[in-house]
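Quick one: the structure is below, questions incoming.
Think of it as A, B, C and D in the order they're written, each chain with its own count starting at 1.
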Amino acid sequence: MAQLGLIGLGKMGFNMRERLREAGHRVVGYDRNAEVSDVASLADLVAALEAPRVVWVMVPAGAATRQTITELAELLDEGDLVIEGGNSRYTEDAEHAELLGRRGIGYLDVGVSGGVWGKENGYGLMVGGSTADVERAMPFFDALRPEGPREESFVHAGGVGAGHYAKMVHNGIEYGLMQAYAEGFELLEASGVVQDVPGVLKAWQRGTVVRSWLLELLVEALENDPELAELEAYVEDSGEGRWTLEEAIDNAVPAPVISAALFARFASRQENSPAMRAVAALRKQFGGHTVKTKVTD
Amino acid sequence: MAQLGLIGLGKMGFNMRERLREAGHRVVGYDRNAEVSDVASLADLVAALEAPRVVWVMVPAGAATRQTITELAELLDEGDLVIEGGNSRYTEDAEHAELLGRRGIGYLDVGVSGGVWGKENGYGLMVGGSTADVERAMPFFDALRPEGPREESFVHAGGVGAGHYAKMVHNGIEYGLMQAYAEGFELLEASGVVQDVPGVLKAWQRGTVVRSWLLELLVEALENDPELAELEAYVEDSGEGRWTLEEAIDNAVPAPVISAALFARFASRQENSPAMRAVAALRKQFGGHTVKTKVTD
Amino acid sequence: MAQLGLIGLGKMGFNMRERLREAGHRVVGYDRNAEVSDVASLADLVAALEAPRVVWVMVPAGAATRQTITELAELLDEGDLVIEGGNSRYTEDAEHAELLGRRGIGYLDVGVSGGVWGKENGYGLMVGGSTADVERAMPFFDALRPEGPREESFVHAGGVGAGHYAKMVHNGIEYGLMQAYAEGFELLEASGVVQDVPGVLKAWQRGTVVRSWLLELLVEALENDPELAELEAYVEDSGEGRWTLEEAIDNAVPAPVISAALFARFASRQENSPAMRAVAALRKQFGGHTVKTKVTD
Amino acid sequence: MAQLGLIGLGKMGFNMRERLREAGHRVVGYDRNAEVSDVASLADLVAALEAPRVVWVMVPAGAATRQTITELAELLDEGDLVIEGGNSRYTEDAEHAELLGRRGIGYLDVGVSGGVWGKENGYGLMVGGSTADVERAMPFFDALRPEGPREESFVHAGGVGAGHYAKMVHNGIEYGLMQAYAEGFELLEASGVVQDVPGVLKAWQRGTVVRSWLLELLVEALENDPELAELEAYVEDSGEGRWTLEEAIDNAVPAPVISAALFARFASRQENSPAMRAVAALRKQFGGHTVKTKVTD
């Protein structure tokens, strides 16, 4: 069994440590939150691992990841390997690889999918980097991914950046899939023709063309709350949908579904859309149409 | 000068009566609202006109129009002509024409554009029906349309139904145009790069590619209320946008812009979109993402 | 074991007969194609069944289904039951039920999902009609649906029409799901960042958020033809996507993803889009932009 | 009357020189194309102007503009002013201003709209920069813009970058407007209900809600080629639509219409969309649907 340093023990990293340990690996975890951390500092984590080391970074994308990589470049030695598994934009991977590479430290970027269910089900993994580095990290990948053929939950997608790129597109697709189910759900609710809407979604789980894991999750949500009455129609987005759309623009790829899904989220967060006030203003101007105005008395 | 019966003296019909009279025509108007009506009943209106009569119907589309046409079929005589100028769906025109035609009464369908500004500026007119009927009604069309070459504000678009069809597509385009300006307006507001947003729109009125009458109306709205703060982001739709999209579907014509504009209106009227609650539910299920839930106690 | 008359032995009906027989039911099949038919006529089919009969209609939606239902209304007896399992528009079910009901014949509408894989995997079933009729037909439903809990592949969705309505929405969602994967696939192909695109999709099959049966099918297609080079970018639509969008319009439900997926299909079938020629014309007019013109000499 | 150096005498700059000279200004033009250039080099242009100089740059956005600005920073003196009027991304303006500012040279960014018609009609102008610089350049702005109130064709939109930002949004809106007309045109053509499609568009020019300059251009195009048969359905995009969409993403502004218009252009340029081949592949897999395959032997 191998040993791994794991930095970041939040929702994802915490569970990954569990799954790796259950597979027999020795994992030294570090988190700023001392309650979950195995060591007191990054330096301690590095000291606790035998060289050559493998260190997996699982902290929030952006500044936190960059900071961690920068510190690791100082702390690690030639021949060590850093795996960056956060939801980073793929464009950052080249910089990270370059920074570490100058000191002889290897770099892999990994897109990790599966959410809170990954601990139990295993995680889908998309990896970018050199073949040698990928092979070296394979014991950890094999422990994290679900049972079944390796190629159904793991891919060496290409060079540095390809892992995060694949994960970015995965999330863009995810936005579209979720919105498709959501529109269908709303139509079923709105029309009143179907009397048992949760029952219909439940019955789509076997045999139908639309069966999927997301559908199963929606069925589960509806079992607890058949009209989703506990939730607000307010949906955040975490970056990867935006990046997917920006990549589509850069590559002149039509992406009407992914963009529609992203814009629906944007709109869900608006209380008083300026655009729709502009449309209301126009209708009032040309048509004398009755529009809703604020009562200011 | 000619004489015309005009049924329906609402926002549109009332102004049209004015414009027709200013052009020298004799107009007998009827409305259920006695305060604006010239006669007490449809029968009185018919009696007040010399045969062969021309009667223009300008009442709400749907049941009211159908009822009026049915009554006119009883009251009018062979050789009379009915002009239906409301926002009716073009599919109803064939029925109206057939009903009247059985009694020897002619029929024209007319799409009338221009809103409350038509009284002053004149109305754009799209007409469906026979050439003979169109020629007979031309004095009224010429009075209603703006100055300038006839073909720039009037068209004999085709047989019965073609007038309303052209008007339907006109309104579908209008939805798209309005939404395009609205999205641009919102982006200017949101980015903060431009400091004088109303000034930018105002400056687009001459020389630019996007200059239009709708832009002028938006500029006017912004002069009274530079942030459109008096209005709510709540936009009705009156039917013709929906019909346009249904026609696009029937003819396998991609209509991404017109549909996006229509859906933006639908969404503007939702307080708590079921679709977006479903997306929120999914994110909560797979990601443990924080979502907004209702505080219930 | 029960007996069933099954009308229509095409791609769907043929396989359903197999699956029903494997479950031990006695099935008398009729098709206009004598090679696959068990009997020579509808009358023979009716004669071959003991009363009270259950007859499943699985012929093309529209005229063929209506014709079959009309003939069955003549041939069947009070107390018999007709199950309409084609891809009919839900609005037709009320008429069918009424026609048969006048003669004391029961009616169920069933949405059947699963395509050519249903024979092996079982079919997802969405049913509309009375509880008594549903219970009577349950042995056939149980034979057709996949193994596992009944409520995960079967639903009594509501009264007459609810089964086809649920299937219509199912297919609308399906359009959106397919387009989401397709956009992601195209972006992966176009960007060149990922070197093993089929491998990425293959690796999404376990553990990821986007895993689904449609994804598995896409993976399979890519194994035979890694760049889908054998296929043309030409996609038909079979009606249910259009109906879903029309229902969304009627119910004022925003459906940007489903409509985008439908319009992408429309556009895929156009060789020379009039709309895009109009845009090209506009660019040429205002900008002197170079546009592609036909070489005519 | 004032003197101006004008760099770049292409479609836009050439016409602008004409219009400026007609207004009485002294313009020294430079272009790499000696046939249209007044001087042999940038250095000659600078030498030909009395200090303090005003130099307008009107060369292609990107590398050419950056190169020109860099050279001007060397050639010009403290107190001179550079006006950048190309279709540059607004993010470049800060760099340009900084580069010039270090040498005491002022900077204005100007969005110029109007296309090839600007020479005759005048150009719409959106300007970013300091008030003092704007006032200094006002004689040139007044000469270039159309007749009528200044604020209807000119705006000082804000600080450096605001002019190009306003122009970017202008062009994003333009994409949406064009696509809206185009969809309506295609529907009119496809349905066959209207017999005189060019006549309908022509009749929308006065009195209607959709009247605009773009409509007039479309009418003109249809007069020369009533079915736009000379054109191909192939539409380029020049960058500003993409930037607008990227800004919408960055600001979380829903932009369904502008994105739909951009994607329609992307799709118009694809001969064999990978996405639609993926959808075709899926339909073939699950439904045994007939799809178009390439004939290979």
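Throughout what follows, contacts are C-beta pairs under 8 Å (C-beta built on N, C-alpha and C of every residue); 3 or more make two chains touch, one makes a residue touch a chain.
Please read all numbers here as calculations on a predicted model, not as lab measurements.
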So using the touch definition from the top, which pair is joined by more C-beta contacts, A-D or A-B? A-B
Identify, among B-D, B-C or C-D, the interface equivalent of A-C, where equivalent means over half of the contact pairs coincide by residue number. B-D
If you average the Cα atoms of subunit A and of subunit D to get two centres, how far apart are those centres in Å? 38
In whole angstrom, the CA-centroid distance of subunit B from subunit D equals 32
Please report how many Å separate the Cα centroid of subunit A from that of subunit B, as a whole number. 46
Junction residues of subunit C - those touching two or more other chains: 115, 179, 181, 183, 186, 190, 209, 213-214, 250, 252-256, 260, 263-264, 267, 270, 273, 275, 286
Enumerate the contact residues on subunit C facing subunit D in the complex. 11, 115-117, 178-179, 181-183, 185-186, 189-190, 213-214, 217-218, 220-222, 225, 228-236, 238, 256, 260, 264-265, 267-268, 270, 272-294, 296
What does subunit C use to touch subunit A in their complex? 90, 113-115, 118, 121-126, 145-146, 148, 151-159, 161-162, 165-166, 169-177, 179-181, 183-184, 186-188, 190-191, 193-196, 199-200, 202-215, 244, 247-248, 250-258, 260-261, 263-264
Parts of subunit D lying in touch with subunit A, wherever the complex brings them together: 209, 242, 245-246, 249-250, 252-256, 259-260, 262-264, 266-267, 269-270, 273, 275, 286
